[in-house]
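You will see two complexes here that share chain A, one where it goes with chain B and one where it goes with chain C.
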Partner chain A sequence: MRHLLKLVIVVVLLAWVSSPAQTDPPAEVDSVEVAEVTPPGPVTSLSVTDKDNDHGHATVLSWEASVDDSTGLANVISYEIFRWVPFAMDHVDSLRGQLSGLRAEIAAAEDVTDEMETRLDLLEAAFDAAIDNLPQAHGQYPQNGEWRSVGVVASGVTAYGNTGTKEPTSADYIPDYADLYYRVDAVTADPVVRTASEVYGPVQCYGQWFNTDRSPVLVAVLAFGFFTLLFVTLAKKGTDLYVRPLAGIEAVDDAIGRATEMGRPILYVLGLGSAADVATIASFTILGRVAKRVAEYQTALIVPTYEPIVMTVAQEVVKSSYLDAGRPDDFKEDTVFFVTQSQFAYVAAVNGIMLRELPATCIYMGKFFAESLILAETGALAGSIQIAGTDEIAQIPFFIVACDYTLIGEELYAASAYLGREPILLGSLKAQDYAKALVVAFSVIGLIFANLEWTWFVDLFHVAN
Partner chain B sequence: MKRQFPLFLVFIFGLFMVFQYFVPHETSEWVYEFLLDWILVIGIFALALGIWSLYKVSVDKIKTRKANWGYSYVTLFGLFVMILFGFTSQNGDSWGWYFIFVATVMLTIGMVIQAMVSSGQKGLSLILAGVFLVASVLIGMFDNAWSFHFYTAEGLQNSMFRAFFDHILIPILSTMFSLLAFFIASAAYRAFRARNLLASLLLLAALIVMLRFNPYLSPIFGDYMAKTSNWLMNVPNMAAQRAIVIGIGLGIVATALKVILGIERGYMGKG
Partner chain C sequence: MDFTTFCWTTFAAFVTLATFSFLYKDNPFYKFAEHLVVGVSAGYFVIILWHQGLVTNLFQRLADGDAYFLWLNSDRWWYVIPALLGVMMWTRFSKQYSWVSRWPMGLYIGIATGIAIPLEMSNRVNKQLYAMMVQVDWSNFFGHGGFNLLDVNSGLSQLIVFTGAVSALVYFFFSKAHTGIFGGVAKFGIWILMIGFGASFGFTVMARISLFIQRVQFIDQSWIHNAMDTTNENYFWGFQAVFWIMILLIVGYIVKELMQFFGSKGRAESAGQ
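== the complex of A and B ==
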């Protein structure tokens, strides 16, 4: 009996030791853990609006955090944003994929067949029709669609921008003027345990016709335009407007005279800017003046260019100057020529011209980059008088060091008015001076106000990107 | 009318460019992108003019035997051979008659140039050009080892194109760029001569900024140099730069306004 009792005790102990899992089955563990995660409180006050000051295709969501976000149960780890998407979007996605595949096929094909082109036309037409149908499909909410996740943010965050693209060919396309519906889920560590907010909608996104964030710029442009017109009018009426001498520009005539006396050419470099750069436009004006004087003195002019459009414009400018000087026959089209659009190949070519032709004067006006010092130092080695002007801040010190005269920043733009001495051009120059005075005054006032912690004044000038 | 119409166009498009900055709407963006595309289109046509200008200047240099005229042949060779490489590519492992084709095309162009620059014997040059042209066309028609690619980017993967670009052009450009180091040294020597008080101040400031990067300075002295250098760069230097930037900004707006309103006409050849 005693042995039987011992045996029973050993068997029971062995059974208990060897199979603990049988006492705590995994299924029960899981069910206990799941039962421990309580669904959190939903986000409240969900609000969705069209994104301001954009081209459309974007919305902005904001909400109040769940009561269990870092307080209460504190079990919210993220918020997942859902947008209701009609099944018609799947059709659009399918057509988009087919279209993309067919375009790739056509791009890779040696010979594009008529059949391919017909298929492409049909697919494009079907795709356009599907895109046009999207606003109508969105109007069928809540039928024929489903909720799709558009983004996730961490707990504590209470805003989200659902920014799509305007290109229907992109998978991120969000149609304008379509009824959009959103909801936000408060999500726990177990993604299955979550609480959805109330649905917000319909809301439509659309593009704006005025970017209010840029109002300060508009006010500044209008004020500056007013100043310009005011001083131009005053100048036209005969008001004497003083402009301080610009040594670099005054030296141009002497430099041309020197070239004439030495019988050597003048090299004019327009820089690496395109014809759309304002510095290049200002340089054209100076080139016109230089070319006119060159034509009068019958000196040689060399204008190697970096950009074909700049070359075409510069040829026209020089041609007109020769015409104005009464020497149209002296103009040679090869005076202005294209070299290359490779930065250092251009430098090599211009340096070669400098060392071969030994120009008496080198004029650099426009946009310059790393090549500025190489050009100016080679010009100095060639013994030329050098005049430079650029609005590239980083290159100004190089020109100051290597050239005899340098127009610093805005002086490049003032040069045309200074050379012309025409009232309307001088008027615009005066407007610039007054605008600068205003900028200085506002800077000082802003400095004082900022130190007094009156930020409203500084905020007036804030321009969002 | 000849003068007024371009001014009218500048006014309309200039004004649109100003307004589009304030109008984020899709329509405005569409027109803006459309106009930017036009810049590309005009640029491509202008590039043809540019290449023609380069060709003309080079041929003229050869014709008049100007100084170093021989290099113009190198320019023209580089221009045409790269165009040719860019539009052709290998089909398999073999190049076939490709290099003979390139040689015949270059000889055709060379003979045409020779006919243009020489005063006599033009006939012989033109006959030879015709012979080389026929040879190149025949090779192009019957050699399947390579082919033309006018619409795809495959030409850019042509190993000859890559070899010329990577192993000739890039090293030459890098060499030109590296010259900058020596020019900076010579320019610094001129700039930092202490001729007067201002030049002496400039020299002192430059020494501080340069010594800041000297690895052999003691930690205490190095730290002092770093702080002084940072102050020089962030306070007086930055203040001067901002003053220039404000001036440049206003200058750009003023010039743009003058161009839009037709006050500034220098770019049209009328000052």
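== the complex of A and C ==
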């Protein structure tokens, strides 16, 4: 014991004697070694909220800058954002990787074995269970997890959006309805020297039913709906609603008469749109009108279609028109037929029909793309009267050049109302007109207000993406 | 290039020339090309729809990965509903039950319209209306850095765009006849539209010309050049034979057409005498 005491005393004395810091510091020391970076002040008032109007897998952080950001020691160069992540997330990542690999393996395999399918089923079940477990794992804070960096922003910035995806299969997935914890570090030039903020949490992110940033769209739809209901009601009550004549539509009846006199068919092309495209829907109405006249005059009608569903609807429309004209027996299913869903193969077929059948009238109404000029040129070559209408702005020039009459954009929609004179169509056309009048009025007022810098009015119309 | 590839290149050149022959008139070569492309595309799309539509979107989901399902081993049973809707479309083959096919059609059009309305309203009305409410750049009214009428960001350009947009909207107002001041504004609107259409037309024609040049280059470089390239290590007389057979085919058709033309002209003259 005595020896041990002596040994301790000697060691302490030696340490005191040999310590340079205590006695004489070295005369020349590298300045970098001595210039220790002082830890900056932490960010304060950290706040984390769920991001509004989103799918529910994102948060928004805001804070007050460190006292040493630009001022004070001015040594903060960035802020690093951390989220507490449970170790269960590593398990999810691992399963995600395995699942992705197995799916790739199955996709590449010529023969998918039962063993592969069993493995896939098991992996998918395990992955789903791991995802379901995430909210519970987040609830274990601060056990069984660690802080992980989710982003870095430059000094001076006091907000950050931690946006994830809603797809669990993506590595960026952030679970919704799980307790999330955040902290923000004020970082200096020496990344080791940093000061962490207080932890903020728990905060949960979740999706919203309504995206309030898009309220102007709702107001516009409601206003338009109101106008539509109003004018449809007025039209049903027999109020005379004026629609100015449209040259292209006035020509339709003449063109049908011409075809009848010449004993040649009428070719009606519905374009390449689907049955859900507004232009195609408008075209159905015009087709109905044309088919009715065709049935009355007993002229031949040819309707080659590009899409099976369009063909089905067009067949119904033509059939109804023949019924309305009192000639249901004259309707032939072959009047409306499917060609192909390949754009230029369809054009080749329609061009062939034009040159072989030599229709007296070609009507193109609907959605058209690069084929517009080819069709219209061939129709001109066949000596047909041509009437076209589309809302595809890029194709209108070609129709204007090669056709006798062209319905520009919205005239196509107007044409269906003008021809049908049905209260619903007429009412909606009137509603469109009044909506346009409102747009003109608001745009003029908005321009004036914007230049007076009364931006509150302009902001009323802003729609977020 | 080997001989097999050259034969396919010759076929591609033949189909290209056959398609261009439509510019002369409808003829057997064009008919061949037309029927070929229609037939091939129809067959192609059937396979595409089967493999990329039905198999991946329906069968595999119902079978949890299997390409085809003999047993429904998926918990995504609701995929049966669209499948049934698709089957309902087939009732069109029956006159008695064809009305059933209107249900899936109605559903499809209804859903699509429901999706389209807010999108169209947002993109084509709200956003454009907001974009029209600009703060005019009065300080650079005639252009940035001096008088420049082509400066699209100048205050004047902003006002022209605004006036053009309002005038075009007036043109599409159907509840009032285009007379008086209203008619004048509408006329200005259609001028603006026509200027836009003219620019669009020129732009697209340029793109089409480039496509045409591409095809000519294909015929020249990929076909004629390879037919004549005796330095090709795979070259043998077959290359030129295929080339000249096709040239003979084209020349033969031209001669036939000329003979028909002069024959009919001669008959017309003798009938006239």
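Basically, the second predicted complex is superposed on the first by the 425 of 465 C-alpha atoms of A that agree within 3 Å, B and C clash if a C-alpha of one lies under 4 Å from a C-alpha of the other, contacts with A are read in each partner's own complex, and residues count from 1 in each chain.
Criterion: contacts are C-beta pairs under 8 Å (C-beta built on N, C-alpha and C of every residue); 3 or more make two chains touch, one makes a residue touch a chain.
Every value quoted in this text rests on a predicted model; they were computed, and no experiment measured them.
> Let's test your reading of the overlay: on chain A, do chain B and chain C clash or fit side by side?
Here the two partners, once superposed via chain A, clash with each other.
> Tell me which partner A:278 touches in the superposition: chain B (first), chain C (second), both or neither.
both
> Between chain B (first) and chain C (second), which does A:264 come into contact with in this model arrangement: first, second, both, or neither?
neither
> With the two structures laid over each other on chain A, which partner does A:244 touch: chain B (first), chain C (second), both, or neither?
A:244 contacts chain C only, not chain B.
> Is A:450 touching anything from chain B or chain C once the two structures are fitted on A? First, second, both or neither.
The second partner, chain C, only.
> Could you say whether A:96 touches chain B, chain C, both of them, or neither, answering first, second, both or neither?
neither
> For A:356, decide between first (touching chain B), second (touching chain C), both and neither.
Both: A:356 reaches chain B and chain C.
> Using the superposition on chain A described above, determine whether A:430 touches chain B (first), chain C (second), both, or neither.
After superposing on A, A:430 lies in contact with chain C but is clear of chain B.
> Determine where on chain A the residues touched by chain B overlap those touched by chain C, and list them.
214, 217, 221, 224, 275-276, 278, 281, 309, 312-313, 316, 339-340, 342, 344-345, 348, 352, 356, 373, 393, 396, 398, 400-401, 408-410, 414, 429, 432, 435-436, 439
> Within the complex, which stretch of chain A touches chain B?
53-56, 107, 166, 176, 207-211, 214, 217-218, 221, 224-225, 228, 232, 275-276, 278, 281-282, 284-289, 292, 305, 307-309, 311-313, 316-321, 334, 337-340, 342-345, 347-348, 352, 356, 370, 373-374, 376-377, 391, 393, 396, 398, 400-402, 408-410, 412-414, 416, 419-420, 424-425, 428-429, 431-432, 435-436, 439
> Mind pulling up the chain A residues that touch chain C in the complex?
Per the touch definition, chain A meets chain C at residues 106, 112, 117, 120-121, 124, 214, 216-217, 220-221, 224, 241-244, 246, 274-276, 278, 281, 309, 312-313, 315-316, 339-342, 344-346, 348-349, 351-352, 355-356, 373, 378, 393-394, 396-398, 400-401, 408-411, 414, 418, 429-430, 432-437, 439-440, 442-444, 446-447, 449-451, 453, 458, 461-463.
> Enumerate the contact residues on chain C facing chain A in the complex.
Interface residues on the chain C side: 19, 22, 25-26, 30-31, 33-34, 37-38, 40-42, 44-45, 64-67, 89, 92, 101-102, 105, 108-109, 111-113, 116-118, 120-122, 125-127, 129-130, 132-136, 162, 165-166, 169-170, 172-178, 193-194, 196-198, 200-201, 204, 208.
> Tell me, which parts of chain B touch chain A in their complex?
18, 21-27, 29, 39, 42-43, 46-51, 53-54, 56-57, 60, 67-68, 152, 169, 172-173, 176-177, 179-180, 183-184, 186-188, 190-191, 241, 244-248, 250-259, 263-264, 266-271
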